[in-house]
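These are the structures, in structure tokens.
The following pair of complexes shares a single chain, subunit A, combined with subunit B in the former and subunit C in the latter.
Showing the complex of A and B:
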């Protein structure tokens, strides 16, 4: 009796978490894969098996595939984001005046509500809005419709996403840099190494795990960009991203089967990127076990 | 000037530039929120200060017509229940995984680990059907269940902490006749306080700011949370930037206050939350 109850105890603790995990993560994945081979509309009781038709459609229909090109803007933006965040994290880990103020200012945007950010920047990019006014101060009177053409709109939106997420990368890098023992810098300085050499030979190797993690998160983040473009343009003027398209397919056009296939493709890409990272940095502490 | 002085000047220049880039868009929206309809309509320029700096009229309009009271109420309810649930679920999972050896333990760990790799946005199409079939669609329970059910990061944070609590404490309590539940309740849970603070902050901010889940699962007007209410608010006020700005400031303000009050914990929370 005592032995069976002891064997049952951990399962009592795991009952709720496992139920939630299976219901809201694993069951959806299984269903999604199943839907992706059908032409289901999400409502009718009938599902017709259509084989790989949905997948063929995603990769061959120009209008469906073009959302991947939009991810390119966000990918490029995340390169900028990582470099700039690394620069500020390095500067602010050394002694600088008003350090906490700058830290706070850089980090604050990552805590702000996405809808609010969307509105702030809609006003920013408006005709005669903040950006035009600031440019006017420098004598450049552009009456530019920043969100009016696909290239300019996507660059603007990707810029907003840099503004929003830079602080998160910055804080991660800062934490990692500060965990590097201080004696290393002292020793390097005695050897006459300048700031650049310290960065190149101490900081960069010291934060490698966090850096690769950030790269992976940036790739998957770029592929699944949703909030900023949805709130600001609703996907108009060529700014539709993968997730916006999937949401529209599933919930506006009732193409659950096609949307599921799209989601499976996205999931596979993200898992692939993560897998590559794990191979590249095997010492990344995955010590959940 | 020496080379070093030039370098220092450039460092401060870049920092000031970055601070301006962050603060300018926010500052302008704050200025705009204090202007009257005539001032914005006359195109007085985004950087000009409002005529009356104490004009809070737009805030009243935004608060009333945006249904902000309901929105804050709904957000508060969802926030409290799902953050509380996350703390309970996360700490129980961590306790069970760390303190017991049982069959399929490795498999259970793997289930949680693999789930951490799956981004929530990708599975929403199918999750939607499940939430619907459970009758939770368009109720506050849909976001609550989803927030509680998918938070692997908090489980990880708790696990790190449970590990640092000496097992000898458990054993001493067991000798005194305590069972597993008493040990969890009286020893583990109270000692987890720093981890609980971290999870409450990180999860709280995530839930407060989330748009995707409430937008998909709670289309009813009266179930609006602050993100969705602010989003819908734009429709009828499309050209009234002074009112929309006031709405945005209303939503940002609580975040700013929490950030200024809890700065240190927030930095630590996000670092331990994201690096896992």
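Showing the complex of A and C:
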């Protein structure tokens, strides 16, 4: 009796999270996979099993994959994002005046709702909007339609996404850096190591797992960028990403089957990219002391 | 991810694959009728009415309608649910049985499926005598929906600005229209034409030039049977006009950051001269004028610049059609609401819209239309379902904003290519899909 209950206890604790996980993560995924083999339009009571037809269509239609070029902008932006976040995290982990204030400032954008950010930045990039006004203060009257051409629009949108996600990366880095024992810096300073050397030989190896994680998240995030371009441009002017395209297939053209297949393909691509990354950068243990 | 989780995932996935594809709504109640009640005093029940008019629900206007309705039907309680993103939300809800008692027929439902989702309001022969737009919701001789207002596409324009530019008559050809916009640009400070590119949906109204260009009630059937962008066809004429407006710099400078809400007071104040929308917009622009301290009478409405047999032409079509949920336990009460709302609520007059009743006069704002002898036609919608099917299959999206956004991008040079190639490409996709679905 006592033994069975002891064996049951951990499962009882796991019951709630597992139920939630299965209902809201795995069941929908399983459903999506099932739909990807049908021609369902998303609402009709009838649906037909079409085998791998949707997958065949995805891999034979070039235009469906062209949108991945847009991810390049977000990928480039995430490099900037990681470098900047790392820079600030490093600086603010040392004694700096108004340290907590700056931490707050950097983290703040992560607290704002993504939809609100989209709308705010629409005003920001408007003709004669905030950006133009600010540039005007510095004597630069650009008269540039920021969302007007594909390149400029994508760069602007990627910039917004850096603004939005920088705080999250920053907090992750900061946490990791602060978990490095302080004596290490002291010892390093006694040995005559400057800030750069401390960063290079203590901080960088110390936060390596978090850094790898961030890179993995950034790459998959870039491939599946959605919220900001969808709200701000709706995918117009060459800013359509793979997810926007999928959403349009499902909800505009009522091709839920095809869209599910596209979602499955995206999932597989992300899993593959993650796997390759883990292969290239093995997650070895941190051993500073 | 270690081996075990992979295994679990794989099992879950296969298990789900083996589940039969289950998508809700069985066809048990198929073919039900929502009969009009004989005695208003006896109908009872609480009905939920779904609507897109968030504004009217919030400011209490809908409750006023419900109160007036209760004078005739004292035992029916009407509750409103306003959905902001109607099409997307209702689509998901319609996978269950619970999608209100009265709802607006969403575009996603295939016409042939109407009997599975909605209760019939009567036969087409009988309803067609009294109401407009019956064939838009007729399946197998039975009618499944009724729009409370008729709408007519057209240009909302600022009369004062057009007059200031020295224009006193409506342009009769696209070329004249372009010349007029040019005059407005030269002589006034107004933006001659506003695309509302960023709000996306205003661009879709350009599809409703269909029928007006050649005054052809069979225009929808033509879409299903030919290339909509063939030389001289309605959509080509409309799209070319939009292209020319943008390409000649007669639209707003940066369409990508245009703002719909802002465009209303700006048009009222004369900062914007023209927008292609519909009669439904007139009241919104007049309200915006009042709020902005401008003269609401400056808001004018004109037909597409094209004349057939010497007269202008405009198409009258239904707005969202109201229907009764086939699963509703209070079908009589729901039917009573639809009838009352269509015939007696005054909703059409309050919105300066065209009445769905055949014998009702045109609203006051359309007086100039009567004076100019504009011919009003109602499009034959018998091929409407086929058009939607081809549209979805081809992913062209004539009722979606994308291709017109691309057209505007093309016209202002943000996208490479020529107009002919672009429209030709659309036509090609369309004809291919048409062959696929067998039309």
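Everything that follows uses one rule, which is that the second predicted complex is superposed on the first by the 235 of 289 C-alpha atoms of A that agree within 3 Å, B and C clash if a C-alpha of one lies under 4 Å from a C-alpha of the other, contacts with A are read in each partner's own complex, and residues count from 1 in each chain.
Just so it is clear, contacts are C-beta pairs under 8 Å (C-beta built on N, C-alpha and C of every residue); 3 or more make two chains touch, one makes a residue touch a chain.
Just so you know, these numbers come straight off a predicted model, no measurement behind them.
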{"item": "Which superposed partner A:237 touches (first subunit B, second subunit C, both, neither)", "value": "second"}
{"item": "A:251 touches, of subunit B and subunit C: first, second, both or neither?", "value": "both"}
{"item": "First (subunit B), second (subunit C), both or neither touched by A:42", "value": "both"}
{"item": "Touching partner for A:72 - first (subunit B), second (subunit C), both, neither", "value": "neither"}
{"item": "Touched partner set for A:129, first subunit B, second subunit C, both or neither", "value": "both"}
{"item": "Touched partner set for A:107, first subunit B, second subunit C, both or neither", "value": "first"}
{"item": "Partner chain(s) touched by A:27 [first = subunit B, second = subunit C, both, neither]", "value": "both"}
{"item": "Which superposed partner A:176 touches (first subunit B, second subunit C, both, neither)", "value": "first"}
{"item": "First (subunit B), second (subunit C), both or neither touched by A:149", "value": "second"}
{"item": "Per-residue contact with subunit A, leading partner among subunit C and subunit B", "value": "B"}
{"item": "Residues of subunit A contacting subunit B in one complex and subunit C in the other", "value": "22, 26-27, 29, 31, 35, 42, 126, 129, 251"}
{"item": "Complex interface listing, subunit B residues touching subunit A", "value": "7, 11-12, 14-15, 18-19, 21-26, 28-29, 32, 43, 45-47, 88-90, 92-93, 95-97, 100, 102, 105-106, 108-109, 111-113, 115, 117-119, 121-130, 134, 145-146, 148-150, 155-156, 159, 180, 184, 205, 208-209, 211-212, 216, 226-228, 230-231, 234, 241, 244-245, 247-248, 251-252, 255-256, 259, 263, 266-267, 270-271, 274-275"}
{"item": "Contacting residues of subunit A [partner subunit B, same complex]", "value": "7, 9-11, 13-14, 16-18, 20-29, 31-32, 35, 42, 87-88, 91-92, 96-97, 100-116, 119-121, 123-124, 126, 128-130, 132-134, 136-137, 163, 168, 171-172, 175-176, 195, 209-210, 213, 220, 224, 226-227, 231, 243, 246-247, 250-251, 256, 259-260, 263, 266-267, 270-271, 274, 286, 288-289"}
{"item": "Interface residues, subunit A side, partner subunit C - complex", "value": "22, 26-27, 29-31, 33-35, 37-38, 40-45, 47, 49, 122, 125-127, 129, 145-150, 153, 233-238, 248-249, 251-255"}
{"item": "Footprint of subunit A on subunit C - complex, ascending", "value": "9, 12-13, 15-17, 19, 21, 23-27, 87-88, 91, 94-95, 108-110, 113, 116, 197-198, 200, 253-254, 256-257, 259, 391-392, 395, 397, 400-402, 405-406, 409, 412, 414-415"}
